[in-house]
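You will see two complexes here that share subunit A, one where it goes with subunit B and one where it goes with subunit C.
Right, the complex of A and B next:
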């Protein structure tokens, strides 16, 4: 071996030595507390608020140090790929849509026994709202804990109601009243309302309501007494009389009654932007949305109107947190999981626990939403979420592409589309 | 202790570097043991990290995906062999697969000729010796340095049906045809034209620069000889410029086909109505990462690969009829 070759080997050996020293140093740094990685979809502001919570928990704990790994963009893809590569975080946020899919594939730790054995306040399962907790379970086992509930509320522009001398929404509102008010608040450029002679639907200046696939059409179907997936997950009764009636009412708000803008206008002007700038008078949004506490904008959240079947099912979205089934530190991860769940329950509106979802607590958490909180607390008693199963993503894709999207865009009636999509949807129920 | 979060990454970087150096030294040592000449051993040692990367990160996944296309695989559990089921599903799927093939091929067949002919014409204009031509070339190259996603967002504004620049310009023409403000990404019939119009953006930038370099490389003596023979501008372009730059046209057509068939980022950001169908790459993403059907996604990827390969071979085969290689003539 020449002297130059010998020098190269010495260089390589030195590099390895330095690496080994650094690894030793790194291991020494981490040895004091167990590092628990937390994957979230938090954006910048949310991540900063969460970091304050984590700093408090980390300061109190002698066993763990939670490290936040936030991925606001393409969170689900990143989560799936890291979990598949067995490099996933110890704790991760999860939307309700993914729980059955992940749980059935063994990526989430079964928490049932640990929950039963724990005396932590966040482990009292009977304190959680029933429909909320259901979304975090799969085949009667607990796989995650919810940390936020989002019932749909009806945000109302109070100035527009006052100007038109219309009483604010109350518990007596049903679909007929809602439609009547939406028509009264819809005005074309000549000041005509939809039922007036000479009303020009192509030149509307303000609409009473808006929809673009949100709020989900399922909510209207439920309120009409119909369903899109049966309780036993064996059929998709989208063609039932009630389901067709609910879905048709939903799209008639755009195409027949003209109280909601066409989708092209929503795309151009922005969905909630139109509500914020007074082009839409009523807007259905999540309870935590910031639509009711903007400066110089009088807006309040009310309960949504009840449907013809008498129920007022508000679509509920649930966000939760799970423990990675492959975590190397299951005990410490579970401890951190409970502490963090409890801390988030004291941060986010609406908390998923009945004992915390009181008006007093919510005023403390979000004083700026004080005027809406009675309705939000009340709405939690009448919520419903999607029926989700492991192959739900495929079902949802077909439901949207072949039913909801053409329906909203006026490419078929609810009855026609339901007949066509039903067998396609039911086929996905049988695929594992 | 924020610094401790990044320490692991730093260590992994150093370790990776050390492993690459180690690999090179091992390759060098082994080759020298077999008495390979020092210059060759050094060369192989230096390219060995790249070769290892190619095998592990490119060739490995390619052949793995081929294997996965014959399995049912959800990313989390072991793949199960299903033979040709995924391909049978694909070819019988009239809901998503065939519409996506139709949309992707239509886009490629419309956008590639427009892109190639357009960038050639722009390059011809920019090959003229006029005052300030350097500034024009810089301006026309700028689209190449803009991020694709930013451009997609910009196009969303241009396509705004109420206040978009495109509809403002087209309004007089469209009103004659009885069309009111097209909803470019909302109405299925406008989605494909919208993407083709967006692809015109590709006329400028890199393609144009490649053509410009080729045009300026055509020997002046050929034009001078043609002028002596009385050839006009079009005749010179048709008989000299086009044959001389035909290898570059071949390259641009092939790269254009590959790029058009692989459209993804722009489509994801433009978010057109699903009624228009999805491009094949979008379908791969949806089946693989949203529905956790990686076997089916792999099968679609391989069909896309075969389509690209087939079209590329077709263009190559046809090139003997229209591509002029000076070196071959000289033989």
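Right, the complex of A and C next:
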């Protein structure tokens, strides 16, 4: 072997060694405390705020050290891969839509008995709002604890209302009143409103409302007295008179009444940005959104209008936290889980616990939302969320791709699309 | 008197007509290329200008192409909001080792496939190429479990070590085509001069495929620099994250609006090394991907 070859060989071997050894190895942790990994989807601000909470908890605890592992993008991909390989974090955030599927696959720890035996304030199940807690249960067993409730609220540009001399939304508002006000607030370049002669829907300067699949069409169907999945999970009555009426009203706001912008405009200008820029007067968003204190105008969250069936079901999204069924330290993980759940309940608006979801408590948590809190607390009493089952992801994909999306884009009426999609949706209910 | 002067006005001589035709086709070509360049540059321009906008200006209507005043502080704010210094070090580390491994292993394997015959060689080569057709979803969990069993999760190893096994079939294919275009006479001459296999490979063959090696290096650099899925799955500790993962912190989430201005600021910074490398290596790179054999 020549000296050049020897040098090449040594270089090659060294590189292999550097790759394999030098870069390997994880961070060590103080031996006295058990490391508890927490997987989250937190973005930059949320992750920094959460880290402060974790630092406090870790400082107080003698048993655990919670380490945050945030994946703001492709969170589900990472979570599912790691859980499938039995290498998932000890604790993980979970959206309501995944609970039945994960629980049925045995990757979430059954917390029922541990909760009963615990005296921790976060373990009192009767303190949680019923519809919220339901989303964290599967077959009557507790698999996660919720840490946030997000009823849909109607954020309203008060300056615009004052300028147009329109009274603010109140509990008497129904769909008719909502549409009437949305029309009054929609104006084209020539100052015409949708019912005026000469109104130009292609040159609207400001819209009364906006939607792009959010808020979910299901909310309007429920308010019209319809449903998309029956209570017994045996049928999908999307073609009922009520469901069709609710869904059609939803999209007519764009295509018939012209009080909401077409999707192409929303894509160009940004969904909530249009509200913040004053191009949209009313916006339905989650209770925790910053739309009632961030914009440069006076803005307030009100309860959404009630539908023709008399209810004002506000779509509720529940975020929760679960313990990995395969955690190597179930006791310590459960202890950290309860402490962290309680700490998050004192951070996020709206807390899922009745004892914490009071106006006084919320003012303390989010003083900048003080003017909206009466409505937010009130909205908590009239919430509803999706009916979720283990095969929900497939159902949801069909519902969105073959019903909601074409409906919003004007590629069919609610009646036509409902007839077509119903058998496909019902088929997913039968798959175990 | 030239021929042009005797022709009646309005009528062109064939020579002049040819010149006009040439000029016209040149103009058309320039217009087409310019339009194409503008179309391709608009997103880049938007990225840079957005990186200098205030968040409220990002979706302003009518759109503001030039931010006034430019928010240079976006770069500093974004850089400090997430530990990008750390992430840059991690990314650079993975990229340098990965590219080195990729180039070394692909070159060796490609040379073997192009010059040595052994039973099942062609079948093996087709199997190698066929792995390009496998969707990553199929191998995602099994691969992840291998690294888990090797106890190498949350390390950079899963991103770098496989590169030593010539895991890029496209690179092997590209280099093999190059090697196959080199006349065997060169190797035979080297052998007659007393060179052994390694000497022939390093002294004779490698210099011949430099453009291809450079192309592979640029492709591999791009792949490692932009790699998202690998770091997402294999890295847990946030201090080990890479730039791509770091940037996603600005994409917002369930309870957070996206910070487009910061995202674009970091995207601009993130794209710079790629641009520099492309422009520096452009000549060889283009040559590498356009040639399929030895230069005459």
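One rule holds for everything that comes next: the second predicted complex is superposed on the first by the 401 of 432 C-alpha atoms of A that agree within 3 Å, B and C clash if a C-alpha of one lies under 4 Å from a C-alpha of the other, contacts with A are read in each partner's own complex, and residues count from 1 in each chain.
Operating definition for what follows: a contact is a pair of C-beta atoms (placed from the backbone, for glycine too) under 8 Å apart; a residue touches a chain by one contact, two chains touch by 3 or more.
Quantities reported herein were computed from a predicted structural model and do not represent experimental measurements.
Chemist: Scan A:83 for contacts with subunit B and subunit C and give back first, second, both or neither.
Modeler: The first partner, subunit B, only.
Chemist: Please work out whether A:363 is in contact with subunit B alone, subunit C alone, both, or neither, and reply first, second, both or neither.
Modeler: neither
Chemist: Should A:398 be classified as contacting the first partner (subunit B), the second (subunit C), both, or neither?
Modeler: In the superposition, A:398 touches subunit B alone.
Chemist: Is A:67 touching the first partner subunit B, the second partner subunit C, both, or neither of them?
Modeler: In the superposition, A:67 touches subunit B and subunit C alike.
Chemist: Quick one: is A:269 in contact with subunit B, with subunit C, with both, or with neither? Answer first, second, both or neither.
Modeler: Both: A:269 reaches subunit B and subunit C.
Chemist: Is there a shared patch on subunit A that both subunit B and subunit C touch, and which residues make it up?
Modeler: 5, 8, 12, 15-16, 18-19, 23, 25-26, 67, 77, 81, 84, 268-269
Chemist: Under the definition above, what is the set of subunit A residues touching subunit B in their complex?
Modeler: Residues 5, 8-9, 11-12, 15-16, 18-19, 22-23, 25-26, 29-30, 65, 67, 76-77, 80-81, 83-84, 101-102, 105-107, 263-265, 267-269, 391, 393-394, 397-398, 400-402, 405-406, 409, 411, 424.
Chemist: Tell me, which parts of subunit A touch subunit C in their complex?
Modeler: It is residues 2, 4-5, 8, 12, 15-16, 18-20, 23-27, 37, 41-48, 67-74, 77-78, 81-82, 84-87, 89, 95, 148, 268-270, 272-274, 276-277, 279, 286, 288, 290, 317, 319, 348 of subunit A that touch subunit C.
Chemist: Which subunit B residues qualify as touching subunit A in the complex?
Modeler: My answer: residues 1, 4-5, 7-8, 10-11, 14-15, 17-18, 21-22, 25, 28, 74-77, 95-96, 160-164, 181, 183, 185-186, 273-275, 286, 289-293.
Chemist: So in the complex, the part of subunit C that touches subunit A is made up of which residues?
Modeler: For subunit C paired with subunit A, touching residues are 56, 58-61, 81-82, 93, 97, 100-101, 104, 140-141, 144-145, 148, 152-157, 160-161, 164, 198-199, 202, 228-229, 232-233, 236-239, 245, 248-257, 259.
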